[in-house]
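The first chain written gets the first letter, and so on, giving A, B, C and D; residue counts start at 1 in each chain.
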Amino acid sequence: MTIRATVWGENVHEQTNKLVGELYPKGMHGCIADALNTDPEIEATTVTLQDPEHGMTVEKLANTDVLLWWGHKVHGDVDDKIVERVAEAVWSGMGLLVLHSGHFSKIFKRLMGTPCNLSWREAGERERLWVTSRNHPIAAGLGDYFEIEMEEMYGEPFGIPEPLETVFISWFQGGEVFRSGVTYKRGAGNIFYFRPGHEAYPTYHDANVQLVLRNGVKWAYNPARRIANPTDAPNRPTEQALEKIVERGGKLHEHGEAGFR
Amino acid sequence: MTIRATVWGENVHEQTNKLVGELYPKGMHGCIADALNTDPEIEATTVTLQDPEHGMTVEKLANTDVLLWWGHKVHGDVDDKIVERVAEAVWSGMGLLVLHSGHFSKIFKRLMGTPCNLSWREAGERERLWVTSRNHPIAAGLGDYFEIEMEEMYGEPFGIPEPLETVFISWFQGGEVFRSGVTYKRGAGNIFYFRPGHEAYPTYHDANVQLVLRNGVKWAYNPARRIANPTDAPNRPTEQALEKIVERGGKLHEHGEAGFR
Amino acid sequence: MTIRATVWGENVHEQTNKLVGELYPKGMHGCIADALNTDPEIEATTVTLQDPEHGMTVEKLANTDVLLWWGHKVHGDVDDKIVERVAEAVWSGMGLLVLHSGHFSKIFKRLMGTPCNLSWREAGERERLWVTSRNHPIAAGLGDYFEIEMEEMYGEPFGIPEPLETVFISWFQGGEVFRSGVTYKRGAGNIFYFRPGHEAYPTYHDANVQLVLRNGVKWAYNPARRIANPTDAPNRPTEQALEKIVERGGKLHEHGEAGFR
Amino acid sequence: MTIRATVWGENVHEQTNKLVGELYPKGMHGCIADALNTDPEIEATTVTLQDPEHGMTVEKLANTDVLLWWGHKVHGDVDDKIVERVAEAVWSGMGLLVLHSGHFSKIFKRLMGTPCNLSWREAGERERLWVTSRNHPIAAGLGDYFEIEMEEMYGEPFGIPEPLETVFISWFQGGEVFRSGVTYKRGAGNIFYFRPGHEAYPTYHDANVQLVLRNGVKWAYNPARRIANPTDAPNRPTEQALEKIVERGGKLHEHGEAGFR
């Protein structure tokens, strides 16, 4: 029983920037999917922004256990209706990994309810990710820290809600820190934001980064059957109350009427 | 130094339903504002959906320390641009109290990132609100519980993120429970959702409910000067790094260029 | 690869009270272990207070993936040294399920840092447990609620820290509510408190209760190798610093000296 | 109406180490109290380990709104009974600020339920504290970060429960990070742990550190009347149930009997 992971790639810089294209000849999404597929428990495929419905068809989402999202340059090109569809899939139980510049993706901001802003610097500096939650499933197989020799800097304050758990905090050579691995739950969906992954560097070829991605997919996977109606607000009529009650007082709603939304 | 509270009222049922109009001749917003104004530390005013820009002008928001929001029948009529403006005010430090059916308001769903759905029944049944966080500022002056003799039922599962704190849990006569008082933080803004307040009942005339509203306003108030740029993502150029670093590796961004969003 | 669960039973009421003895001829711990062993992924054994070292030998803890704890009448008889040993096992990664009156066990209070107090009534009343986190692994296979026809009442306020997640909230016939399923993490150990289980009733024979226990064991299981040194505070000498630094200022500690504790 | 702060000082290094004695001629506690007393809303006094009952008499605790705790060398000398007394004061509503090496104090470990361990280095390196929660009351008046030129390093993983809020994260020159400002609630008591404060450096003379201490005292202050019975577990007899119920099933407890603990 494998976990079906779908890697969503923006796929713009890979096509327009020589440097990125050479680092990731199969696209960043392709590199990430390959890294996931080294694990027999995961079966990863890719879709991109340019696919019909950005690859996020109803059918594809229904067959995705965990979605990974990398976007940067054209967040605004993602259709709002697709964003809502993905959000609904998360609420119903699909796992979601948001990667690096995906902090500003519509779907992450939609699910967080915050600006998700930060400070940044593109200088190829050293990043050291410290594990703040020893033996967390997402950090399985890591020591107390790991290093990425060249990365973009993201600095605090990071405009996110208080995380459910903080798994990684980064140290940057230039003097900043950042909550680089944080978890959330939205509806039945587990969400993990993982910071590294600037397209100008070979980050997704890094063994530790790949390990965290595999761990993250397994952690985010919810084997329960997807919730059919994640946004329903059912009326429980008086005559079906679990404890016998007698209706009293005024009424706004007609019998059997749906609630206002 | 008083806290400037603004009570936002949808003001539809009060105008169209005789029962509601009689219970709240000054509107529910008027009743709530009166209850707040009994406290010398609070200075409450009202605005309604029908006001220009729904009363949520840039100026009004700048002069609001804590916003209270009651809506039900026409959530969809609230302009999306105004919702974003209110969200930004919250992120910058404005407090927000969301009341009863406001669980389905655009602004609450926007800030939560979840469906905020629940089950419901309009039967005038007894609700008993238990304090789950003794001596929480929002529960100041209350005993271990208080009762509302006739209320609409809201039942779990409630589609919200894990709260920062759970302050009240309700028992309902018909057999349900509900997390009736929950707190969140979004950016610099404190948020409190408070369940009671169905328009067909005299709930906002209840002394305990009024006390919780006053407590909630004081709790949500953040005296710090509002953040000017709650969504900014500033670049920190290499030459201004707090620790001296030397730029390395490839680059996507031109010097001084803004980040992608 | 099975999960090794150990059920710790106080085993006093079963021996001294006819009613309890008849409900649980193999002890409550025996009944619980049988329920767990219906799942091929779990291998459950039992120990009791009366065993040498209360059954919590170093070896037994090393071979326990998830510990379940039921105690009530003689919490005080558990040796403080054993409590510390169990706490250390939790910090190093052992899962822990605390059951019913175990809210007042030394180990639960030790790990929570709070009084863990509540109100109670022994009247055989109806309890209805509502799921507050749809599709949470601990609630897998349940609908929105389940009922126990006769149970002891536990009422809020419950003197616990804010949970990581609230999974169940109970409705009681006599008018109270209670956070009946809450999760925590302490060190690398997952903790789940589950309320039902008064010894005067056949609660642990209930199919839904048994399902939650099995779910809970699987949820609490952390497959990572146990942390060898969960309380160590290592010195990182200047000459081994990850970034080159030069020692400055006054010093209290001699070179290589352990820290104060 | 001033906040009554009590600064608890271990007062050992000040007496035995020339360096510390010269940096803090009035003791570290004296320096901290002086910093608090510059604020007209705070009235700070000091007690030390060497005082009768370590200065933590029933009367002193009853007259303390917020307690600050600095200890290091002789945590073990604090009487366990006094630790319980202080814990009970916190549960009943007293605020608590735990400072620097106080992470290993009995009272902090007692309230956290975790080892509170970390890694450390005494090298007088630069620490930069980043604000992770903009406009949090504890960070009022600060920019996005502040620096301490010479400090002891504390490094992750820090063995604490997931905080309610993370307010500061430190960057260290030698390559580590640390959650330097974290909040908790235990019972009705607000708790703030604040990292800086190694006794070999002039940290408590730093203006920003002093500002955070004043902010922290105000944040931790709970004006509600102290809870009289923070550990009680009252029986609610059937005949006093809020909803009428009829007693059923077996019984362990005699009428009016206290619960087991």
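By our rule, contacts are C-beta pairs under 8 Å (C-beta built on N, C-alpha and C of every residue); 3 or more make two chains touch, one makes a residue touch a chain.
Worth saying up front: this structure is predicted, and the values here are computed from it rather than measured.
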{"item": "Rotational angle, Cα trace of chain B fitted to chain C, multiple of 5°", "value": "180"}
{"item": "Counterpart interface for A-B, drawn from A-D, B-C or C-D and sharing over half of its contact pairs", "value": "C-D"}
{"item": "Self-contact between copies chain A and chain D, residue sets same or different by half", "value": "same"}
{"item": "Longest centre-to-centre distance from chain B, chain (CA-based)", "value": "C"}
{"item": "Rounded Å distance, chain A centre to chain D centre (Cα mean)", "value": "36"}
{"item": "Centre-of-Cα separation between chain D and chain B, whole angstrom", "value": "31"}
{"item": "Junction residues of chain B - those touching two or more other chains", "value": "119, 128, 133-134, 155, 159, 162, 164-165, 173, 175-176, 185, 187, 242-243"}
{"item": "Topology of the chain contact graph, where touching chains are joined (line, ring, star, complete, other)", "value": "complete"}
{"item": "Contacting residues of chain D [partner chain B, same complex]", "value": "93, 128, 133-137, 140, 145, 164-165, 173, 185, 187-188, 222-224, 227, 242-243"}
{"item": "Chain B-facing residues of chain C, complex", "value": "119, 128, 130-134, 144, 155-158, 162, 164-166, 169-172, 175-177, 179"}
{"item": "List of chain C residues in touch with chain D within their complex", "value": "13, 17, 19-20, 72-76, 87, 91, 101, 104, 110-115, 117-125, 150, 153, 155, 159, 161-162, 164, 173-176, 184-187, 198-201, 230-238, 241-243, 245-253, 259-261"}
